[in-house]
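In what comes next, chain A is part of two complexes: it sits with chain B in the first one and with chain C in the second one.
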Partner chain A sequence: MHDFMAILPLVATGAGAILVMLAAAFESFKKEGISILGIGLFAFAFFVQLTVESGAPITPYGSVFNGMLVTSTFTKGAGLIILACGFFSAIASQTYFTQNEGFVLEYYCMMLFAACGMLLMTMAAELITVFIALEIMSLAIYTLIASDRRSVLRSEAVLKYLMLGAFAGAFFVMGSVFIYAGAKSTKFADIGQVVAETGFLTNPALVGGSLLILVAFLFKAAAFPFHAWVVDVYDGAPVPVTGFMATAVKTAVFAVFANFLVINGQLQEGWVNYLFYISVLTMFVGNLIAIGQNSLKRMLAASGIVHTGYLIIALVAVNSEGFTGSTIIFYLAAYAASTLGIFAALSYLGGEGEKRNSFEDFNGLAKVRPYSAACIAIFLLSMAGIPPTAGFMGKFYIIAGAFQGGYISLGVLGIFSSILSMWYYLRLIIAMYFREPEEDFEVAEMTLAPLGTFVLALSVFAISFIPVVI
Partner chain B sequence: MLTTYLFFGLALLAVLGALGLIIFKHPMNGAMSFVVTLISLAGLYALLSAKLIFAIQLIVYAGAIMSLIVFIIMFLNIQEKDLPLDPNRWFYVAGGIIVVGPIAGLLINISRTLPATEVTVFDDGFGSVKEVGQLLFTQWLLPFEIVSILLLVALVGAVVLAGKRGVN
Partner chain C sequence: MFEHLISIMIFVPIIAGLVTFVLPLSREAARIVGLAVSVVVVLLGLKLFLSFSGASGSFEFVEYAPINESLGIAYSLGVDGISILVLSAAALLFPMVYLLFQTKAKGYYANLLIVQGAMIGAVAATDMVLFYVFWEVMLLPVFFMIGLYGGPNRLPATIKITIYTIAGSLLMLASIIYLGISYHAQSGEWSFAMTNFSEMSLTGSTATLAFVGFMIAFAIKIPLFPFHTWLPDAYTEAPTATTFVLSAVMAKIGVYGVIRFVVPVFDESFARYALILACSGVIGMMYCGIAALAQKDFKRMLAFSSASHMGIIALGIFCMNIQALTGTLYQIVAHATSTGVLFLLLGIIEERTESRNIDDFGGLAAKAPVFAFFFAVAMLASVGLPGTSGFIGEFLIILGAVKFNPIIAVFAGTTLIIGVCYMLWLFQRVFFEKPSSKLADFSDLSAIEILTILPIVILIVVMGIYPQPFIAKIEPSAERQMAVIQKVQQIADNRIEPLKPGQELKTGDL
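So, the complex of A and B:
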């Protein structure tokens, strides 16, 4: 029974996806009905995940699944974030598609399938399982991006993402092959044992294999040398899908990235120096790209690169003995709440066909829609890391962890990058509060996204009270 | 000794076929060149006495998937004049080689360090349907199960992308 409870969120999401898929085939289900169903299923899966007992890692159905799934407090936290991201993205989508075209009835089904793949990714403790989960997630996301086939922008985004994603997937498979050659197994536990017995740097196949797998993860997480696709793809996707990609996909990738790195302390030590430079470069290159953007969506995409940099700091400082990953989960939760909040707000403020997209379009928002402007300001301040928001606490835990781990310069560079990022976050706040409004920001009636934005603004403060042991 | 020659011959063919795929200009030539890669890979699997994978590689990849690809290319009826002008093609190919070259060198060096064990003779059952099936349904049950979700996602995704435009 314990085992079944542990994988129940996965089952609930998968079964929910199939339910929506079947419902979409009926004539009597219309857009509204299916939206409510999708939102409800995400909420249900979230509560199921909440009931899973946290504690020491367990391997559900260890003998049947051959120890390929492992659930722990870390996977529970990641699962909660992923399902909450799905819930709020679904709410934002409901509103978005009242003003924008390109809705297909299978939209929520693909969203649930993507969440199912992400949950699998967080739980997987074996490379081939990780690969299949990665592909489940990616295929569903490709479909979500391109569901409006009449738009050239969407097609361009999905082609870029598909080609580069396939390339990253190939790197992952090649890496798995080399790891199998070096360790005679693809299971995390067995790899850890081989590393403990024979050492990491003395085993070239393991080193090469983990390099290729790291490349695939860094690609999916949009870290420095592999960040070029992010801005175009995020810009080309529909607003709620961009929000879902920026938060849920990142959560899943970092969960599996951390699980892979803590297989063994030696494996992590072997890569720490490189991850150090990658995190510094990711933060500053992301900042440079973000400063140059004039479109809000592209700025948020580029700021996503910067946040990847902070998360890599957390990975550098992670301790493979008694790994809990609480700082990573906390930062992901704080980042997800504020990013999703902005994208939910953009979903109803964006107008028909996403016509409001640049900084100038939001001039004087505070005078016309003061509550929405206040929420957006809260999200931006949280992303910039101003107390008392969750974003500040997240950065605080990560940088404190870096200091504790002895990476003083990395922590200082993190603070510096955070100051640099104020430039583009405050730019929008200035536009909203200190400029004169040019239009009246009409929005569609009867929608859920404003409510979702408000709830997320509250949770930005609520999350900051969750205690974390570094 | 014969297996060594066969291995190098098939490996060379596989690489040449893959090179042809990216170098030929017309998609049909590329597809035909890719068939060479798929068939020589089947030969490599056979050398490893993986009988089932050998058969699957021939039937599914070189057979079914290739005929679908060829069918689509013929369906689109691509002529020489439809192809885009690509004057910088060789420049890009050279750039790609420069980028990927060091990685390939690294991987070749790594595979040289693997212990050179003598050919192990397996029992008759190795690589047969029964043995692979037993392994798949006992040790690799979870990947086998979740592949079904992957296929379902691919199926629904294809229907969404290729279906009627603009429902509701």
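So, the complex of A and C:
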């Protein structure tokens, strides 16, 4: 019974997706009705996830479904973030499609399926399950990006993502096969045991296999050197989908990544040097890309790369003993709230056909729509890590974790990277506040996305008070 | 009510500021809200100052509430002799701004309210993370005040001050986290309380780096040579009320930070680098003093003059003895009042004549005798004439400097003469000489303006003639601090070995 309880949120999202699909078959269901249904289902799944009992802080060998899944406060937290991302993205989508073309009734169905795959991914403790989850998630996301199949921009984005994503998936399968050859099991716990007994480097199949899996994870998390797709794909996707990808996908990938590393303590030790350099390069390359951008979506995509770098810092400092993952969850929550907030704001401020997208397009926003501008400024300050926002506490915990683990230089480089990132966050604030407006920012009549933006702006402060153990 | 006195002083302005932002008030209503709140803060500040005994030298009005118990981060506030005068300066000077500058926008008054609350919070915080939060919150209103309401070249000035300060603060954040981790490693408990940190002993290269991180953050805020380059632009382009906030209070919080955080925690590193720091203070004094001589813009000249005086205030800390330290604490308020009044009077001239070019003025003394009198008192206090507040502080600092290093004292004393030169020359050009046509219809201060500035002018004189009540409040704490300083001095003279090696952490693989 406990096994079934653990996957209740999965069932809720999966069944919800099918429900939306069935509803979409009836002509009488209109855009508004299906939007409300999608939003409601996300809210319902969120409360299901909230009420599900979760085990004590992560127990490497404690298991559900015979070791296929693992549940802990960590997976529960990640699940909550994913469902909240889905909820707010759905809200943003409702508003977005009142002034943009390309809505299909199956849109919310795909969103729910993607969330279902992500939830499975956070709990997966076995390689084949991870692969299945990865594919459920990716296929749904591909569909979401190209939901408007007549648009050249969307098609280009999905093609790039699909080709490279297929490669990443293939790498993952190949890596799983190697690991199975080396460890005679696909369960994280068994692999960890084999590694602990025979050592990591003595077994070439394990070394090669784990390297391929690392590549797949880094690709999905948008880390250096597999970050190049991010900017184009995020730019080509509809705004709410970009927000959903930037937050929920990242949460799912980091959850499984952390689970994999924590259960295989030795593996983490073997990788720690690579992860160290990867995180440094991810932060600085992401910053350099972001500084050069003129489009907000592209800038936010690149800044997402930078935040991946910070999250890898947390992985470098992960400690198998007494791991709670609360630092990672906290950072993901803080990052998700501010990123989703900006994308929700862009969904309605972008106007018809996303016509406002560059820094210049938002000149003087504060004089015309002061509350929207204030919310965006709060999100940007949170991403930049300025107190008293959640982004500051997130960075604080990550850097404290790095210092605690003895990686002082990594923490300091993270700080330098934050200084660099002030450049593009401040640039938008300066554009919004210090320049003169050239237009009156007229947007279609709507209620949901501004409301969601406002709630997210409040939660950016509220998240700061979530207690965290390093 | 009074057990939460400091919290009220912090959050009443901040909340009032946020409410002013959100509500659609007129500018006049916003100004009245600001004035009312600042008067309340003044009254509370007076209450705090008068009921603060200072006899024990320890923290009074302590407030404590844990924020994150697992990491030992707490909302903890307190006042002692080191912070009382800075706190009073932050609390008492603000009503003048609302009374003298009546034509600003609503958002401007809201920002002023927030910055006041944040500054009081930064001074009263005894937990380092809390201090950091207020320290950053303090910057945001300044960013908006300069960027939105500043002069024609405000944008480059805003970006300069913001990048400078944020870079400094983030380095300090790294250092704060390092201290927390070291405390955890040494005592096994998590805490970010200032008092706990000062009991730690830190040696080794990582500790020195953390010291540098702190020092750079505060050196930027003070500003200390060579981190002063943001100052002339920011002070000149900022609206005068903001310049007043920056020079009269915010710069002092940088000095306060060094005394409160750097000296007790990094005693050994501080002793080792005190001479270099003192030199940088003196170089900054001379450099900014000479630069002030050459300025044609009234405001830019006062900006350089203020920077030059901050050099001597900072020098007082680096001399590491009780005279200089007391002098610095005293001079913090003396400089806040005198420079504050100078900038405010300048703001009045600027508003009435729409010019800041010194050559445009002349013969003001005949036109506006009261104005000239106030300006003269503030100016004389600024250059340290005996009988004004500026004399006591500067005298004590120079006295301490002689004990520390006579050569430095000679240079510092010489620079004070440069200060007299540019100030008196300025006074001559603006207030005497042949009357300028620009000033043809310049009227003297109105009754409200006189009543606004008069208390501060009286304070300048009282502090110069009868310093005892103020010194009595700060002395016990300064003596406690001196216990630290003596240890520092001994380390500097190599008379005792540092206690035990500090927590060295393995650095990363870079």
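The rule is short, and it goes like this: the second predicted complex is superposed on the first by the 458 of 470 C-alpha atoms of A that agree within 3 Å, B and C clash if a C-alpha of one lies under 4 Å from a C-alpha of the other, contacts with A are read in each partner's own complex, and residues count from 1 in each chain.
Rule of thumb we're sticking to: contacts are C-beta pairs under 8 Å (C-beta built on N, C-alpha and C of every residue); 3 or more make two chains touch, one makes a residue touch a chain.
Small disclaimer: the values here were computed from a predicted structure and weren't measured.
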Of the partners chain B and chain C, which touch A:Tyr96 in the superposed model: first, second, both, neither?
neither
Name the contact category of A:Val412: first (chain B only), second (chain C only), both, or neither.
second
Which superposed partner A:Phe113 touches (first chain B, second chain C, both, neither)
first
Tell me the contact category for A:Val468 with respect to chain B and chain C: first, second, both or neither.
second
Regarding the shared-chain residue A:Met422, is it in contact with chain B (first), chain C (second), both, or neither?
second
In the superposed model, does chain B or chain C contact more residues of chain A?
B
Have a look at where A:Thr129 lands relative to chain B and chain C in the superposition and call it first, second, both or neither.
first
Would you sort A:Phe403 into first (chain B), second (chain C), both or neither based on which partner it touches?
second
Taking the stated contact definition, name every residue in chain A that is touched by chain B in one complex and by chain C in the other, in rising order.
none
Please give the residue numbers of chain A that touch chain B in the complex, ascending.
14, 18, 21, 30-31, 64-66, 68-69, 101-106, 109-110, 113, 116-117, 120, 126, 128-129, 132-133, 135-136, 139-140, 142-143, 146-147, 149-150, 174, 178, 181-182, 204-205, 207-208
Within the complex, which stretch of chain A touches chain C?
273, 276, 280, 374, 381, 385-388, 392, 396, 399-400, 403-404, 406-413, 415, 418-419, 422, 426, 430, 433-434, 465, 467-470
Could you please specify the touching residues of chain C with respect to chain A in the complex?
21, 67-71, 129, 132-133, 136-137, 140, 144, 147-148, 154-155, 158-159, 162-163, 166-167, 170-171, 173-174, 177-178, 180-181, 184, 206, 505-510
The chain B residues in contact with chain A across the complex are 106-107, 109-111, 113-114, 138-143, 146-147, 149-150, 152-154, 156-157, 159-161, 163, 165-168
